[in-house]
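In this document, chain identifiers A, B and C correspond to the written order of the chains, with residue numbering beginning at 1 in each.
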Amino acid sequence: MVYQKQLTVTTNGRGTYDITRDISGIVSESSLQDGLCHIFVHHTSASLLLCENADPTVRRDLETFMKRLVPDGDAMFQHIDEGPDDMPAHVRTVLTQSGLSIPVINGRCSLGTWQGVYLWEHRTMAHNRRITVTLSGD
Amino acid sequence: MVYQKQLTVTTNGRGTYDITRDISGIVSESSLQDGLCHIFVHHTSASLLLCENADPTVRRDLETFMKRLVPDGDAMFQHIDEGPDDMPAHVRTVLTQSGLSIPVINGRCSLGTWQGVYLWEHRTMAHNRRITVTLSGD
Amino acid sequence: MVYQKQLTVTTNGRGTYDITRDISGIVSESSLQDGLCHIFVHHTSASLLLCENADPTVRRDLETFMKRLVPDGDAMFQHIDEGPDDMPAHVRTVLTQSGLSIPVINGRCSLGTWQGVYLWEHRTMAHNRRITVTLSGD
């Protein structure tokens, strides 16, 4: 079987947004027992993250790391019409994931104890981010 | 159903090669309605990229970023027999994707408006790159 | 069909561990002919790697690169309770893959000639790492 569902995440600018419960809910309503849950973000300046879900400092440190690795307004970038955070947002997306697949076992999304699913908004402004979840299997 | 197809992309050295139309064509001929399109590159010095498809400067800036992050001929690398771009090509592959899955909805590859699919050749010399596309679903 | 199998990899600290044969074995016992093999690691401080399998220097150079990119004990990190390698382990996981899909063709895992599958342990201490392999297709 295949079960697909759209999801829109409204962000208020750069940062990580926990979507673990949304994903688990879609897995439940699909009635899939065994297979895969695929999550896809239809944008090139936001991405997906599987990350430690207990201490929010982890995601803050990730943000700090990315800011240092891909500085906003870096003089090396020529694609600057949409602002100093635009090209860094594309780079950050390329260095992380636009799609994630997670095993579904016995009707549940089989994440590790410390794994959460996050949308990572890379632009500094608020956006609506479109996500498609595809469940497939038995 | 499962539908698989091989694709060879001939590159003329480092850079990004748009394969969006090839992928869309394979989705069409598969007659898959709903499911996933998986793209896989069978090499360790070329990778796949979902990237902004409107302004080519974005992909040039990505190249500039990668050249600075993983410089050719960096003295830290010991695997240098095949040239100064060989080990950087492996690193760039590891930091990006060897495989991508994209939702198929109503018989079409459901990319975002600004998403294109690219093969990223990381070696400076020309290569033939082998890709397998796997369609699965209903 | 869907076929799932758990795998535990015992590591003795930071480094890459070849799991290509384990994965091939699971593909064989599944009797899947055509489809995809998905590998997922249920942790946020270890990841998966498709990498050159001939010269071990490649994986040593990757380690060197990551140590320079994300130095243990970097003063920018605030999540330090579990040691100087903890936050770098999360960053390294985010920059690589928690899940990989590989095409299965004619009953075999269709890796390129030089592609091997590795678990990348990012913590300096030994760990047991849980992996789920999901085979799906015909």
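The rule is simple: contacts are C-beta pairs under 8 Å (C-beta built on N, C-alpha and C of every residue); 3 or more make two chains touch, one makes a residue touch a chain.
Note that the structure is a prediction, hence the values are computed from the model and not measured.
With chains as nodes and touching pairs as edges, the resulting graph is complete, every pair of chains being joined. At the subunit A-subunit B interface, residue numbers used by both copies make up under half of all numbers present, so the two copies contact each other through mostly different positions. Centroid to centroid, with C-alpha atoms defining each point, subunit A and subunit B lie 20 Å apart. Each of residues 69, 95, 97, 101, 136 in subunit A touches at least two other chains. Residues 1-2, 4, 38, 40-45, 69-70, 76-79, 87, 90-91, 93-95, 97-99, 101, 130, 132, 134, 136 of subunit B touch subunit C in their complex.
The touching residues of subunit C, counted against subunit B in their complex, run 34-36, 49-52, 55, 57-58, 60-62, 64-65, 68-69, 95-97, 100-103, 105, 110-115, 136-138.
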